[in-house]
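Two complexes are shown next, each including chain A; its partner changes from chain B in the first to chain C in the second.
Here is the complex of A and B:
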């Protein structure tokens, strides 16, 4: 059985976990190729114009998987921490995909809602595993292995300060992970904060990390911080955070504004509901602290490469100058 | 301490009576205006939705009048509304209003917020007894109910009145009278009085008006300013408007205990289930459900949503595929919206519905 995973949205967070889980259960995993302009155009043509960029990219990836797999895996993740909550788009993703792409292969769904309790959570995993095997122990083993793989990958990122493409490269899977050496000598450390699906999708962000690293900057991202560091910084800024993934963004923003970086770039997509509030919180914090420069980059279909390059150059030049003056 | 709360439809009227009766110092912000909106836009980030901007405008205008305690919606399991309060508090703080207090009113669907609401009101009052607080809140709720009852009649009358604007004028008078009503008896008299008056407005008895359902996001549905008072405009075009969402309908289930967990919403959820299986926050699930359920009842549906509203975008993407077909016009509300543009779209939509009805009628007669 071939399971298709679109290389978009939560793929950039859970790819390894899902892959291990399905392979452990004897399925073959097909991941869609990196985003292309055609994918985005096709994805956009299926939905109403105000749908956010990452969702359009996601649908483009689903379209590219049509005919190449037996099932498509689209989870509906409601919460990953107790009393956390996720953006509506993630919750409606399986249904929305089926509605706008009627030709898509059958969708494998899983409802993840940690708030409803452990039992429900295990039940959901079991329901998903049942498509492959009747043996609950095998499903249990697969999910444990998947969870360990995920933990290892988080550790790798936070301990060795690696970006996602580098972690993938380490895994020995060169396909899809384009890596390059950072141009030496490193002149500044720039923190990129934003959702992984924006930071690591080379087409959507116009090779943001590559450009920064080529200009002799070290890039740090939210995943390079430990959960404790993130939580601490987030609590300082917004109290008890309630959004699933935005806590990471606020936490990383709050952390990097005070230590470990020479400049912070907030990357968000136009029309992103959670980010419209969370980036605002960080921007206000930056204005209050006046510690290091902060720039916000908003990505959308019409973002021109030249515009991004100009802004990045201006921003990095300013940081380099600031460092030299000190 | 001076308490205030943002506008949403006639929400301030029950709260006013609660505050007055408990001797709480309060200020109601000026009604939504261009200035409110401009203030809201100026101090919030561009990607935020229109409810946030208008509410922020209300808060700033109230702060100018000396308000320092803000009742704001909040809670878990909804859309970004849950974070409004925290962000708005920071914005007000940055604007120089340092000594402010934000009190979050939990508005989650699946939580029992009645007791916590009464508790919140008690904490604002000067140590009033539980009994008093409860009875005052109850009276506030009945004001809300009376307002909504009258508004339901107004929606019907607007479509068929001979002199356009009569119903709206009566509604404005009702709001004033209900605001001034002191006890249950006065409230009841006002309600039946005005419903009576509305029933006696000169109407075109022959016409069978088109029926349009209005669905979508809570705030833009209930706050006329956010949608250029779309209901009155439809009334002028001779359309009867039906709306499920009223503040009183909503408090009925989320404010009072509901041990059996029965709610009209379940019917909507069941209807939506084949197309959208889970709650996506806000009113997204309900919107899909309402389309499916009411496709036969209404001539058309107008779907209102703020720009970048996450739940409504999901609903908007799913609605076209339902088997139950009915014309839908989605109107995205934001600060860029112009009244002329809205009116043109409404006229076109109403024309389409009228033609559809005519064709249908002719088919029945076998004339086609």
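Here is the complex of A and C:
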């Protein structure tokens, strides 16, 4: 059985975990190729006007998997912490996808809602595994291995400070994932704050990480911090954030403004409500602290490369010159 | 005599500035780009040569502006620098104590915050070009008055009307509405200036600490009515420095001096003869991958000098191979 996974949204967070799970249960996993202009255009053509950019990209990936797999895996990840929720686009993702892409292969869903307790959580995993086997022990084993694989790769990011593309490259499992070394001499560390599906989708962000690294900057991201560091910094800024992933972003912003970076770039997508609030919180904090520069970059479908390039060059120049003067 | 050249090719105007190693301005050119960046750079080179002494030695040349990469290949730039760094550098040379730089050009507007001579923050307008020079020029044209006359008439306004400045489309329909209601052209014009300033401060200047001394530069700073509107809105003096329209080019020239000094390298400058060369550009769609990038190339006598526009560095590598 072939399971398709769209390379979009939470793929950039949990890709390996699901892949290991399905493969342990004897399925073959097909991941859609990196985003192309055609995929975005096709995804955009399926939605109502006010849908956010990442969702359009996601639908483009689903469309690219039509005819290439038997099932398509779309989790509805409602919450990942006990008292935080996810953006509504994650809650309704399987339903929305089926509504706007009727030709999609049958959707394999799982409802993940940690607020409803552990029992519900395990049951959801069991329900998903049941599509492949009747043996509960096999499902348990597959889910444990999947969790371990996920933990290992989070560790690679947080302990060795590797960006996701570098982790993938080290894993050697995805063809064509080549990371060029940071251009020597490394002159500054720039923190990129934003959702992984914006930071790592090179089409959407116009090769943001590559550009910064080629300009002699080391890039650090929210995943490189531990949960404790993130929570501590987030609590200081906003108390308890309603949205789980946004809390991570605020936490990372708050942390990097004071430790371990020479500049912070907040990356958000146009039309994203949670993003616009979170970036504002970080921007205000940056203005209060006056520690290091902060810049926000808004990505949307029509973002011109020239605008991004000029901003990144100016930001890098500013930071390098500041460091030189000190 | 050692001379350093700065070339700023913007969307609407092309600027050149020549400085000596003490940073004194020896010559400058201000031309409309008219959609022909290469030709205008060539014209600029020809004209600035006439302003410089005979025995001149170009020790460094830098390009900036939205066509900086293209211009960089044409002149043989030693340095290709973004507009923000160049503008800050130029302004700091004339007004070292500056804290805020307001720059409004043809297609974009910027704010640069400077503290102790170092850029600490900046902002640029987003995708929308509302409230930039192009919009003012377009409105002046629609009302049938020259852009020079625009400022003079706007300054005579006594009761400016309020015009929506958030979006040029709304702004224009608002203006038409006010004009059909019988308001004076002068009042509409100054209302437009106020709308532009409000929009700038609420958009580009959002969250920025705008402290004095404030410098206003770029092509739009020629418009005294906008200067007055800024002055009224910010309730403090707004300085329009000499040579404000070529500040980016001056900054580029100063930066290349610094660059040449630190690298101790000979200039790549193609010479003034390059202004006679027959360059042309072509483009094609790269079909190596599904991205279908539009690749532009600069050609001189059937030889491709540079290619860009790709999402990967395939064509840069091809170029490097060919040069070998």
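The definition used in the following text is that the second predicted complex is superposed on the first by the 324 of 326 C-alpha atoms of A that agree within 3 Å, B and C clash if a C-alpha of one lies under 4 Å from a C-alpha of the other, contacts with A are read in each partner's own complex, and residues count from 1 in each chain.
Here is the rule we go by: a contact is a pair of C-beta atoms (placed from the backbone, for glycine too) under 8 Å apart; a residue touches a chain by one contact, two chains touch by 3 or more.
Every value quoted in this text rests on a predicted model; they were computed, and no experiment measured them.
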- Message: After the alignment on chain A, I want to confirm one thing: do chain B and chain C clash, or do they fit together?
- Response: fit
- Could you look at A:48 and tell me whether it touches chain B, chain C, both or neither (first, second, both, neither)? first
- Comparing the two partners chain B and chain C, which touches a greater set of residues in chain A: B
- Check the residue A:289 against both partner chains and state whether it touches chain B (first), chain C (second), both, or neither. neither
- Task: Could you say whether A:306 touches chain B, chain C, both of them, or neither, answering first, second, both or neither?
- Result: second
- First, second, both or neither for A:144, with chain B first and chain C second: neither
- Task: Please indicate which partner A:38 is in contact with in the superposed arrangement: first for chain B, second for chain C, both, or neither.
- Result: second
- Considering only touches as defined above, state whether A:318 meets chain B (first), chain C (second), both or neither. second
- For A:186, is the partner it touches chain B (first), chain C (second), both, or none of the two (neither)? neither
- Between chain B and chain C, what is the tightest CA to CA spacing in Å in the combined model? 7
- Dual-contact residues of chain A, meaning touching chain B and chain C, are 283-284, 287, 298
- Query: Considering the complex alone, what residue numbers of chain A touch chain C?
  - Reply: 33, 36-38, 202-203, 206-207, 283-284, 287, 293-295, 298, 300, 302-304, 306-307, 309-311, 313-315, 317-318, 321-322, 325
- Which positions of chain A touch chain B when the two form their complex? 47-48, 50-52, 76, 78, 83, 85, 87-89, 91-92, 94-96, 99-100, 102, 109, 111, 238-239, 242-243, 268, 270-277, 279-281, 283-284, 287-288, 298
- Where on chain C does chain A make contact in their complex? 66, 81-85, 117-122, 124, 126-127, 207, 209, 289-292, 311
- Message: With touch defined as at the start, can you tell me which chain B residues reach chain A in the complex?
- Response: 44-49, 76-77, 79-80, 82-83, 86-87, 90-91, 94, 275-282, 284, 307-311, 313-314, 316-318, 320-321, 330, 332
